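One chain, chain A, links the two complexes that follow: it is found with chain B in the first and with chain C in the second.
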Partner chain A sequence: MKNQIALAQTPNLSLKNPRAKKITFSKLVPYLFIAPHLILFIIFFAIPAITGIYISFTKWNLYSAPEWVGLKNYFEILVNQDSTFYHQLHNGLLNTIKYTCFSVPFFIAIPLLLAVALNTKTYGSKVFQSIFYMPTLLSISSVILTWIFMFHRNLGSINNILGINVNWFGQQPFTWIAIVIISLWWGIGGNMVIYLAALNGIDKALYESADIDGASAIHKFFHVTIPGIKHQLLYTLVLTTVAQFNIYGQPLMFSKGAPGESTRVLMMYIRELAFGSGESIAGLASAMAVILGLCIMAVSAIQFRLMRNKD
Partner chain B sequence: MKKYHKYLPQAAAFLFLLTLGIIFVVPLLWTVLTSLKPEVEIQTLGYRFFPVQWTLENYVDVISNTTSAPIVRWFLNSVLISTTHTILALIVVSMSAYAYAKLEFKGKNTIFWILMTTMMFPTVINLIPLYNVMRVLRWVDNPLALIVPGLGGVFNIFLVRQFMLGIPKELSEAAKIDGANEWQIFTRIIVPLSRPVLTVVALFAFTGTWNDFLWPSIVMNSIDKMPLTPGLRLLQGVYDIERAHLMASAVVSILPTFVIYLLVQKHFLTGLSMSSGVKG
Partner chain C sequence: MYKKLQKAVAFMCILALMFSAAACSAKPTDQSASGTGSTAEAKPAKEIEFWTVFTGPDGENMVKMIDAYNQTNPKIKVKHVPIQADELYQKVPTAVKSGENVPDLSIVHVERIKGFVANDLLQPLDDYTSQNGKINADGYVKAAWEKGEIDGKRYSVPLDVHSFVTYYNKDLLQKYGPAVLDDGAITFDEVKQVGEAAKKDKVISMGITWMRVKFLSWYEQLGGVLSEDGINPSFANDKAETVLNTVKALHDNGFTNVDGEDPVQMFRAGSVVFLPEGIWMKNSFEEINTLNFGMTHMITFDPAKKANWTSSHQMVMFKNADMTPERAAAVMDFVAWIGENSLEWAKAGQVPASLKIMENDEFKNMKQSFLLNEPDSLKIFDYEYFGYAVEALDKIVWEVPFGRMETKEALTKAQKEVQDRIANK
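Let's look at the complex of A and B:
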């Protein structure tokens, strides 16, 4: 409302000609529609994004004025092997990448198999679909509370039902396996629904002509099904990879970075350095965030290239 | 032989789904069962799937805790924060999407293109400076810090715009001839017709805010102002090895989501395919 009044008073409106005024005001109307979002976008997205990059070149403790230090933060985390931050970045990034490489193939393959199975419209497929999708709506903290006791060495269901005695919290690769299992349980429903919708869109005639040619089920899967949902595969691959790169809650609540530092991911270091109990080194933490951000962008760009080139 | 061959894929699919389905349900089932056991039973009897003695005392304890882990308070905070955010998001998103889809103005394509490009930007970089914005606004430890920043998001605008582009021009043109202005066209024609996509946006906005973990744990520090999702992490410290209490809290936190899901399941599923379809 305030805006409208201010805009109506702009000098280029000629009061002599009411028609001219009307035209000018109606030209401004669209801007009033986009203004609320644009203002919020600038304050809570654009400004933080730009300052985020800026402060990665500064020494800053969140409170005093940031002090420009050039590439010092980047030197510290990327080159200076004597620095603890160098080791934190390398360990954190390596663990993040390890988790991503290990989990993403399952995040694509399992939902795809589920979607194909559900698409046969077998007995109870609607119920199964609901079961597999439900966990995606839970928060990570509910998910961890549900799962953490399952992996207890003596009292947990997993060791007792399977008759094994695995130390899930204290021995690699078991801690990562546990975290991947939990993450899959939490997240595969989303991709499954996307693939299911995509499978519905494949022309049935393609399967029929493959049948006439005597194609096997496996042949049909690779030559009709996969090409038919190519776009959705690319879309989910990129989005899933980006999502897994941001892993934080699972290792934080499940293993607290243990055993050793082997499940400590980069987000955990960034958070501790910027908002931990000691003096904040937000500038250096920002440099780590920029590195993580660049990795995420690079990986999605490469995935896009690879998948597009296959066409 | 022919008939056998016809049903084989379905039977194999069923077995596969059943196996994974059981694996999916066991953790939830066991969580519920464990929450109904007396705490001593877990410590002394060793592993059991079902309770020997059934009890609700863990629920009574968890719900009546109003100091170190006020789970009911957290739940109400989450309801308030997520609902307010959802209502505001619907207003902001639909207005903006309407302008990009249906109105003509200078710079429209440029602004929209800039917004779309920023969707690729990794949000991890924004986290630390966003905290600083909250400090400047004096929103640290204030629910506004969880309600407002997310309204600047871009994805939902894209989703709604795509939907609105599909609404025939003739409808709004007819209304214009009848003397309706842009605001009336927006509120009386476009918004009612966009209900399916706005339902999806509402669900995404609500669950997104409800499930947010990292940001609230940075910007909120009073126990009684926490939403449920980061609050549950504090609970891990409070109940430590009192497993039945932890499981009861997990059930309390999952139950509302579960009920809502059963009620509006269809919308969630169409929403997801809608959001992937526009990209495909």
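Let's look at the complex of A and C:
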């Protein structure tokens, strides 16, 4: 930038057409700054997304060239009530939404409570902060394998400590409860770190004046803390909802969709259709994925709208 | 706030570094286990790349075999590339299409061959095998060899057959049903009798394990077929209902484990008499000194009709423009050598498909060798839409015995799913 300014101020030293150069260069600079993200965005998001949408209008088995079939795949999953895939989409989507509804409130509330507790800077709070964050770094496979041992019907510590004989892998509502517990343990760290940072940003004077006014701890939490981190709360709400919509690994590895197909989520149907052990039906799978994407976009749009209105 | 944030970020970075460092340090050991000798690394272009799905303990046996082969000073040495099966099946079409990084030789499951041939991905091997001279029908288990031939062309050479069989606890069987194995078969009636006798001691007669393959074995025993015409599924019938209802009745009478219990663990602990499981579990059971077990055919409806669900690892060559006759001949040398030296593979718990192994005394003493004595009991499924069928069955065969789905309704649903997938493929 410095060079550029210097060039502009001393036109005699610049090239033949300094103006043109200045315009192109200054126009280019912002793109250079966002280039790293832009390139990654294009390669890992834009191209796959557009390809995916295109594939959803075709019949494709991954081997031969995709064959254009128009809206047939969408008709099959959205209109044709006689089709297996109509029921798979509905069941998968319903289970995905159920899981999102079960888990998101806890994904917001528990990390928030933990963050508030850690923010009191009690003895050892840093250690606890690391401990709570640690599971986030583990892979889903190791998380599920660990918890499968814990929830084991005969040998698991959970049934033995509680003195119960519950089949966590194939009996509702226990399977959902187990999946939500596992997901929470795995994922609370991310939101907690955001809330911790946000809590540090609240003006201490607000708490002091609340103290002077004789506010209780609960009053302070609802009238100072919550409004103070409102933006972060809404931000995490949107991100968490989107993330939970993409649930896949937990039910796949933990319950394998059982009991019945009550924990079989949409991603499991999508994967089976596209990359199952039979010939791929990637077009239909992509159409399902597009519907899932649209649902996520709709939910995010509503949440963002709510966010804006509150401002 | 910034300082806190900085601290948090720094902490995360350190943790991330620690984990990535751990991951990196783990890599070299993986590679050393993949059978690449130092001489092999010096001339990477010349090696035969052999992709396999043996990422588990059996991978170590495969490495031993490849190392032994490389020590025979072959024209071209072999390099083992183990890849998870799902990943291999996703990578292969891309590799073949682009013509880059196509493996010289690859292991695939037998059920996949029809699909690969239909999509023109496999290289017919007839010329290569006839040139080699050592690879022919007489040398291999019939059931496994047959499936490698489609429309008169040979596309694969079998490495092994692996079946779902019955493990039985010898001590418990002596106690609760000493006469059961007199005729060399375990029938469902005998499972019930043993169950009645063992109930008081809280020992269960049969473990309910991977239902998909058990269903297929039993359905085959009753003469059922997945598809009458080879295309449309037709398994929603009385025979399939009989299979599922039989298992359900055993469960309802308390002769099996309940859902959520781990029958394999219970067998290890000595509280299960009969455990249908894959032959690949043998080594893990042998590690338990206190467990006195035997292996025999799948439990049957009729002792005269034995059928054990079987799959097979097959060696194939994918289409590859860079393949030269000399190189292909070297690949075939390796394939033939494996057939002649497959004891190591039997040690992994498998049954080698090469009949040469029958001459080996060490193999004859292995528990799984009974399968080769009765090769007609090996049932390999090659329905064109086998993949669709098993995924549809997986959704119901576990639910019916535990009373979560009605038998007829469940089978109709599964059959409909297969039909719909065929219609939309």
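The definition used in the following text is that the second predicted complex is superposed on the first by the 265 of 311 C-alpha atoms of A that agree within 3 Å, B and C clash if a C-alpha of one lies under 4 Å from a C-alpha of the other, contacts with A are read in each partner's own complex, and residues count from 1 in each chain.
The rule is simple: a residue touches a chain if its C-beta (ideal position, glycine included) is under 8 Å from a C-beta of that chain, and two chains touch if they have at least 3 such contacts.
For clarity, every value in this text was computed on a predicted model and none was experimentally measured.
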| request: Could you classify chain B and chain C on chain A, in the superposed arrangement, as clash or fit? | output: clash
| task | Go through the superposed model and pick first if A:Val193 touches only chain B, second if only chain C, both, or neither. | result | both
| task | Based on the superposed arrangement, let me know which partner A:Ala258 touches: chain B (first), chain C (second), both, or neither? | result | second
| Which of the two partners, first being chain B and second being chain C, lies in contact with A:Arg153: first, second, both, or neither? | second
| remark: Chosen between chain B and chain C, the partner touching more chain A residues is B
| Should A:Ala217 be classified as contacting the first partner (chain B), the second (chain C), both, or neither? | first
| message | Quick one: is A:Phe304 in contact with chain B, with chain C, with both, or with neither? Answer first, second, both or neither. | response | neither
| task | Could you look at A:Leu137 and tell me whether it touches chain B, chain C, both or neither (first, second, both, neither)? | result | both
| query | Who does A:Gly52 touch here: chain B (first), chain C (second), both, or neither? | reply | first
| message | Which partner chains sit in contact with A:Trp68 here, chain B, chain C, both or neither? Use first/second/both/neither. | response | neither
| field | Touched partner set for A:His37, first chain B, second chain C, both or neither | value | first
| chain B and chain C contact sites that coincide on chain A, given as residue numbers | 62, 129-130, 133-134, 137, 154-155, 193, 196-197, 275
| Along chain A, where are the residues that touch chain B in the complex? | 26-27, 29-31, 33-34, 36-38, 40-49, 51-53, 55, 62, 110, 113-114, 116-118, 120-125, 128-135, 137-142, 145-150, 154-157, 160, 185, 190, 193-194, 196-198, 217, 231-232, 235-236, 242, 246, 248-249, 252-253, 267, 270-271, 274-275, 282, 285-286, 289-290, 292-294, 296-297, 300
| What part of chain A is in contact with chain C in the complex they form? | 59, 61-64, 73, 76, 83-85, 129-130, 133-134, 137, 152-155, 166-171, 193, 196-197, 200-201, 257-261, 264, 272-273, 275-279, 281, 284
| Touching residues (chain side chain C, partner chain A) in the complex | 1, 4-5, 8, 11-12, 15-16, 19, 86, 90, 93, 97, 111, 115, 119, 121, 258-262, 265-266, 385-391, 395, 398-399, 402, 404-405, 416-417, 420-421, 424-425
| request: Under the touch definition given earlier, write down the residues of chain B that touch chain A in their complex. | output: 9-14, 16-18, 20-21, 24-28, 30-31, 34, 42, 46-47, 49, 91-93, 95-96, 98-100, 103-105, 108, 111, 115, 118, 120-122, 124-133, 135, 148-154, 157, 182-183, 186, 207, 210-211, 213-214, 218, 228-233, 235-236, 243, 246-247, 249-250, 253-254, 257-258, 261, 265, 268-269, 272-273, 276-277, 279-280
